[in-house]
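The letters A, B and C name the chains in turn, as written, and every chain counts its residues from 1.
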């Protein structure tokens, strides 16, 4: 149930994409997201789709696995599509009761659905192929210039990597607590909103207490292992660009230019 | 015949490449009033099995019956079943949430829709059954010692007046005295009320002393289902699956092989002692 | 002076109620003297709340004495300047395996300590490899810790400590949350470290069977050291141990019961072999 969320999970295998520098993957993801919002026509989406499929193929992550992660955002997707479908003014095609579907609505809803799914798939490819530590390392390095204006870059990235490590543990724990309370006759499903919110108390109290306990334990364990912030720390896996990383940057740049060009060319046509 | 497990299998992620057979064709009968030890190492399927008994997991194949009624037939009252087949999970920290012990124990009966006075009577009786003194009733459950927390958690399930009580590793993390105290309390409870008890454990020593039937699980299947004596006779087989007979069984085998003949079927310290003394007197 | 030494150690903490008012003072450790030698294998026994974990936390400068002094490798733990030396020299493994693994991949977690110490990259890799091999977890180096069993996670935690090249390793109830197989794995790893690498091991536990491997057992109660001696010496005092909410191994208990019934057996039998030998003499 809750464990199905693949967003933010690492899929262990060996591939070119896995070996790329996290900075490359971060930048490419950002470029990809930007490109999605620059695409204005059907062909542009095809190019984006091809780019995405190519990367998925290279990453050796089973497509099934990525799709499973999509389930968790299905609701968000439906809501977005629904809003756009029914609330966009324009030329009406179908009208049922008070709801009207317009031609413009269909267009926007469709492109929204595609953009959103591509965005999610694109970013999950990044998290699936990069260990969270690696990812936060990359982020730390990319954001390093911000240190000069007193942004605690190291601390933030450490916090993120710890949060990522504990998400699966806390999800599993939520499941256990839920079962323990259901065994005592708790009901998390029926009733109105207020009753439902109230029924969460027996779930949230043990969960929070446990989370605080874990935080406490972890802080102690980190201190016991000589953790003292980012000062004088060395890296087991320091980030270093290899040839493949520059090639990847090249591809990404080429892709961006291509998408922009397509937008222009077909716009003119 | 209280619970019947009929050809139950459970497969995680059935139909995908990641399918895992957690339970394989389990058949069991759990009559009223038995004291059962359910043994197996982590991942043997014992936790999955007890969650089936409590209706928390639906089998992928097979049926479960409580007093002749199919768990998943039309109109079966699952909430009532959960009150009748009580399940206490391993860590009390997973269920304690109220500000004081008494209200926490009231949670179960409250969910059954009883009247306020009935709820409080049930909770009081349950706390007495687990041997918790009145002075703790209005303390926060989080301030209690490990053994006391465990008692409150058990009381929280007992308050629903179950016919079957399933305890998942009730002694984990307790010190030796705490372990004995909890197990003695459970044995006493069973004697007084005649309740069916299923004790899930990976400690043979704990189980051997109390139960009259042992079910050993391995890789999702049932390896043994017999009296402790019979099960421990196959101690070599137990070792193969990463379990072991109680230490006394080994000691008796050693003595039998190297010193003088003794009955190697003994499973408790008391039996071992009188057996050795008898052998020496001969 | 030994690797860990405590002199007149006492630790007090203040209990407060919900409003933050002082309710009272608890003396968790009371007048403890200790001298642990390099290469020792020490087991500390005691029931829950006997002060054994509090004592352990003093050996790693997580807690500081209220009274008295603790020296690790000759350095006073209260001196700020020695803090990181002490934490590197006295590594610590805690009870809950999930709450002490920081890395998302086994090898990254083992590298965490050396990274904090500022070890050069190349040497970190060497240390990670040798540490994982020492606990038999090298083949799992690329795995996610979430997929490991409890015993394996604890072995990773031990490797994470060894990678800091400590002189001493303190295991604070490392087996309390594990099943029998996991317990065996962890104890085997700890013993190997002690015997092969000569690392001093301080094992805190309430499983009596784990303590028989120690060359010295310390029994704590109410923050004080109640007994101290070899496993043989300590386990021959069955009644006292029971009074301290502890236990003895089943063989010891059986020998003790037989002795009570009139058999002239020696004290402190801790293995089945010893019982067999003693019984042979009875024939």
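Just so we're on the same page, a contact is a pair of C-beta atoms (placed from the backbone, for glycine too) under 8 Å apart; a residue touches a chain by one contact, two chains touch by 3 or more.
Here the structure is a predicted model, which is why all the values come from computation and not from measurement.
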{"item": "Arrangement of touching chains [line / ring / star / complete / other]", "value": "complete"}
{"item": "Farthest chain relative to chain B (centres taken as mean CA coordinates)", "value": "A"}
{"item": "Chain pair, B-C or A-B, that carries the greater number of C-beta contacts", "value": "B-C"}
{"item": "Approximate Å spacing (C-alpha centroids) for the pair chain A, chain B", "value": "42"}
{"item": "Separation of mean Cα positions, chain C and chain B [Å, integer]", "value": "30"}
{"item": "Residue ranges of chain B touching chain C (in the complex, touch as defined)", "value": "41-43, 145-147, 172-178, 202-203, 205, 242-244, 246-248, 250-251, 254-255, 258-260, 269, 272-273, 276-277, 280"}
{"item": "Complex contact set, residues of chain B against chain A", "value": "16-17, 51, 54, 56, 79, 82-83, 86-89, 91, 93-97, 107-108, 111-112, 142, 156-157, 160"}
{"item": "Sites on chain C touched by chain B in the complex", "value": "47-49, 149-150, 176-177, 179-182, 206, 208, 242, 245-247, 249-251, 253-254, 257-258, 261, 263, 272-273, 275-276, 279-280, 282-283"}
{"item": "Interfacial residue positions of chain A with respect to chain B in the complex", "value": "64, 173, 176-177, 179-187, 201-202, 205-206, 209-210"}
{"item": "Chain A contact footprint on chain C (complex, rising order)", "value": "60, 62, 84, 87-88, 91-92, 94, 96, 98-105, 107-108, 111-121, 124-125, 128, 142-144, 146, 160-161, 164"}
